[in-house]
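Down below is the structure, laid out as structure tokens.
Order of writing sets the labels: A, B and C. Residues in every chain begin at 1.
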Amino acid sequence: MSTERLTVRKTYKLYIGGAFPRSESGRSYVINDGQGGFLANASRASRKDVRDGVTAARKAFPGWSARTPYNRGQILYRVAEMLEGRRAQFVAELRDTGLGKNAATEEVDEAIDRWVWYAGWADKLAAVLGSANPVAGPFFNLSTPEPTGVVGVIAPDSPLLGLVSVIAPAIISGNTCVVVASEPAPLPAITLAEVLATSDLPGGVVNLLTGHRAELAPWLASHLDVNALDLAGASADLTVECERAAAENLKRVLRPAESDWTADPGLTRMKAFLETKTIWHPIGL
Amino acid sequence: MFEYAPAPESRDIVHIRPSYGLFIDGEFTDAKETIKTIDPATEEVLAEVGSAGPEEVDLAVRAARTAFETVWGPMPGRERAKYLYRIARIIQERSRELAVLESLDNGKPIRESRDVDLPLVAAHFFYYAGWADKLAHAGYGTKPLGVAGQVIPWNFPLLMLAWKIAPALATGNTVVLKPAETTPLTALVFADICRQADLPPGVVNIITGAGETGRLLVSHDGIDKVAFTGSTEVGRQIARSVAGTSKRLTLELGGKAANVVFDDAPLDQAVEGIVNGIFFNQGQVCCAGSRLLVQEPVAEEVLARLRTRMATLRVGDPLDKNTDIGAINSAVQLQRIRDLSEVGEQEGAERWAPPCELPEKGFWFPPTVFTGVSQAHRIAREEIFGPVLSVLTFRTPEEAIEKANNTPYGLSAGVWSEKGSRILWAAQRLRAGVVWANTFNTFDPASPFGGYQESGFGREGGRHGLEAYLEH
Amino acid sequence: MVPTFTLPQLPGVDQVGAEERAARLATRSIKTTAKAQAIDLAITMVDLTTLEGADTPGKVRALCAKAAHPGGDAPRVAAVCVYPDLVATAVRALHGTGIGVASVATAFPSGRAPLEAKLIDTRLAVEDGATEIDMVIDRGAFLSGDLQKVYDEIVAIKSECRQAHLKVILETGELVTYDNVRKASWLAMLAGADFIKTSTGKVSPAATLPVTLVMLEAVRDFRAEQGRQVGVKAAGGIRTAKDAIRYLVLVNETAGPDWLTPQWFRLGASSLLNDLLMQRQKLSTGAYSGPDYVTLD
């Protein structure tokens, strides 16, 4: 008689500063599959985890933003290669959320391709968004895009494609981020974090939290060391609350919009988290 | 001694009416309430202007909406361009009149209003006129947002108007603009210029008033876009007020710029840059170089040169062509400058100003420098918005950058060195929207301007300046 | 023995900034009483100059007469400036007027002659009674980096000058950069120059406001550091009263009022004097004057 093998369940933790801690609060919440069955427990992050995430993101910012764009592009492309290697796992996780096989496969493929698309932007943004300005005087005058700093991201419910579509544009230009994953479907986010952790991406560039958006987002929105917010996954009420809180230190806020994550993303998300720096210098002997 | 005799610019070119209405839908209409605007150099009342209330703000927004939907939005870009070119030309033709009026209402020296403000105003309209029919090539789409509500400050009244109105109109938006409470007059002459240019009614509406009028405007449901230049505090309030709406927002707010002088700087030009950085427009400039960071080996020398130079600054009648420093714009602003300067002394910084006689009437503050300042002092952290310089020293380039960036603001920065690689190194690390290397307070319509962090967001000027007014 | 010379570390000059500053000072509006004062001051600072191949004793005597009797109650000029062979003529013509005689020397204007010839050139002019010697530096040596040679030559000429004041012409139009102008200014002052002078007038550009600004900064800094005051002479291309007044403003606001005397600031010019005189008449009568109301020489 054969005994059925007992599966080893995966513990889903947070991803902060390159490490995988549990929530400092010790809390977790139940994630169900598409049929309402138990899937896993996810960490339920607290405001202190938000704080730790921001600290890690800030710490990583100088180094990450100082990398050459080519290097950032290479690192992101390497992440895509590793995602490709985990295709099956992501497909399975998406199916757990209730997607059919084809839909899940398509979303994974789309997500990897999206990541590759953004990877290529690293060393092109300055050429496309910058400008040499013809001023009326003996001055060299150049405008270049620069990362704004730490971006707080409220990820949408599209658990993988939506997630990569908000992370990649934030970090490709040199920002670091603290991401609140989809509340009902956070597991692919943690799997993505495992990919990031084993890639060349420096710890702290992406910090992933799972938990209740309504609880976590306002802490990100009011944190004075956060420079920008992507509210992609915020509800209307949460958006208003976060936008108000973000006003305190004049965060750049990207409001949620009707998003078809499979559509061409354009430059909007990248531009939202870029500053334009203009440098003047006299031209003379 | 070679004493310069008074050389006053004539006021005759300016005809100030006793009172002005609101400019709505191409007509001046009397407002129910009025406010007075004064000459800050003499405290003499110049005119009475309307103070727009809820109904009047509503009328202006409706006029702008109608003009957007019926005339300006549908108009081909090349036709809009010609209106803007026309406006630019009229500004050039009336520039002396506008310069004198600006100096009267604002208190700034005629040398600046004549040689800086007005040429830049005309240039701004020329620049954006040319974009009106080339938007498809700019990379931000071609669809205007609709009606823009714009609120501008008193430090560069007409220039800020140009920065707001020119790109808005070039992109096909219509505007309701509120000039500052203390400096409404050149905006009202601009309204007249719009009529002179046969600009269709409602495309530009100018509503005067105080803060409440501004609040009514930015919170009005009928506008699609808010553009504000002013204090960070008001910027915050506006950002809160547009939360949850679909209004687009750009803010150009305060600053506490570091002007970093390395030991290999071209010292005489650096001293000029320091002077221009903090005393231009009485220091009432959001991008003023209000924190001088000077490397220790040259600190004494730079300060000695600076003091000598400051002693040549001529403070007084804004209309005198030789005046370098005019009047502070208002009693309120003067009080703020005085208060913060007193705090500077109380906190132990050493205050110095060259001997200079200040007129009895009007609002005046001498060019002032504080030495022995550290980052912990309030005068090193808070925007004074006056002719007050705080001097700090540093030992290494890294320390300079750390101190320069140690502020919630990030509008501008200066760096002075003869070494190219050091300039670029510093420029790369300074977290500011404008970095002036071996120059300061230079402006051009083709050059984007705007801040990092609490200095606001969005850029004005250049191709980048179109983005805030297009849907994309 | 000539001392070895080392140029101190000098801060660079940013061209755009220096030119902006000069241009801004040029917008000063000098009117009414200030203008009258400035015009008279400018007249007293003029080195009335004739430096033509066709100069003759007759021409020089006429110029001297003009220097001594500019017209009306106008003040006298500071000096008359001529070639070395006409120094004696000028000295005789100006006897008793208190007006100085300046002589260009050292193979003016090119300076391309052996040092011995330059020394003789200088000695003869001094012996003929020149009170001021306007020498030119060796720009070839300067531009090739041989600053020691330039320095040594100035020291040698200075010792030939004896009582006469030495003005060292930098010929800034050939030095091209403001950094070079600052360097050459310091070099000349360290070598003993009593004055530093912009130009020969034979090279374009001659005196400009920004070049003079840089030189005024140099004499200001030199005095602060070394304790010795050195004068500045702007020469070449200064033709109108308006130009002259701009130079005075520049002196006033750069080196300071200490330099606002003929002892410390000069304007090398020829046609300038008549424009100053015409503007002077305009101020006193209220009507514009014309060339027929001032003398030609």
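Basically, contacts are C-beta pairs under 8 Å (C-beta built on N, C-alpha and C of every residue); 3 or more make two chains touch, one makes a residue touch a chain.
Here the structure is a predicted model, which means the values were calculated and not measured.
Taken pairwise by the contact criterion, the protein chains are fully connected, each one touching every other. Centroid distances from chain C, each centroid being the mean of CA atoms, peak for A. The distance from the centre of chain A to the centre of chain C, each centre being the mean of the chain's C-alpha atoms, comes to 70 Å.
A straight line joining the Cα centres of chain A and chain B is 37 Å long.
Put simply, the C-alpha centre of chain B and that of chain C have 44 angstrom between them. In chain C, the residues that touch at least two other chains are 14, 16-17. Counting only residues that touch two or more partner chains, chain B has 438-439.
Residues of chain A in contact with two or more other chains: 137, 139, 282. Residues 137-139, 282-285 of chain A are the ones touching chain C in the complex. Put simply, chain C touches chain A in their complex at residues 14-17, 19, 176-179. Those residues of chain B whose C-beta lies close enough to touch chain A in the complex are 123, 139, 232, 235-237, 239-240, 242-244, 246, 251, 253, 408, 410, 423, 427, 432-439, 442, 444, 446-450, 452-457, 459, 462-464, 472.
For chain B in complex with chain C, the residues that touch the partner chain are 1-7, 111, 115, 264-269, 272-273, 308, 312, 321-322, 418, 438-439.
Every residue of chain C that touches chain B in the complex is listed here, in rising order: 11-14, 16-18, 20-21, 27-35, 37-38, 41, 217, 248-249, 252-253, 256-257, 260.
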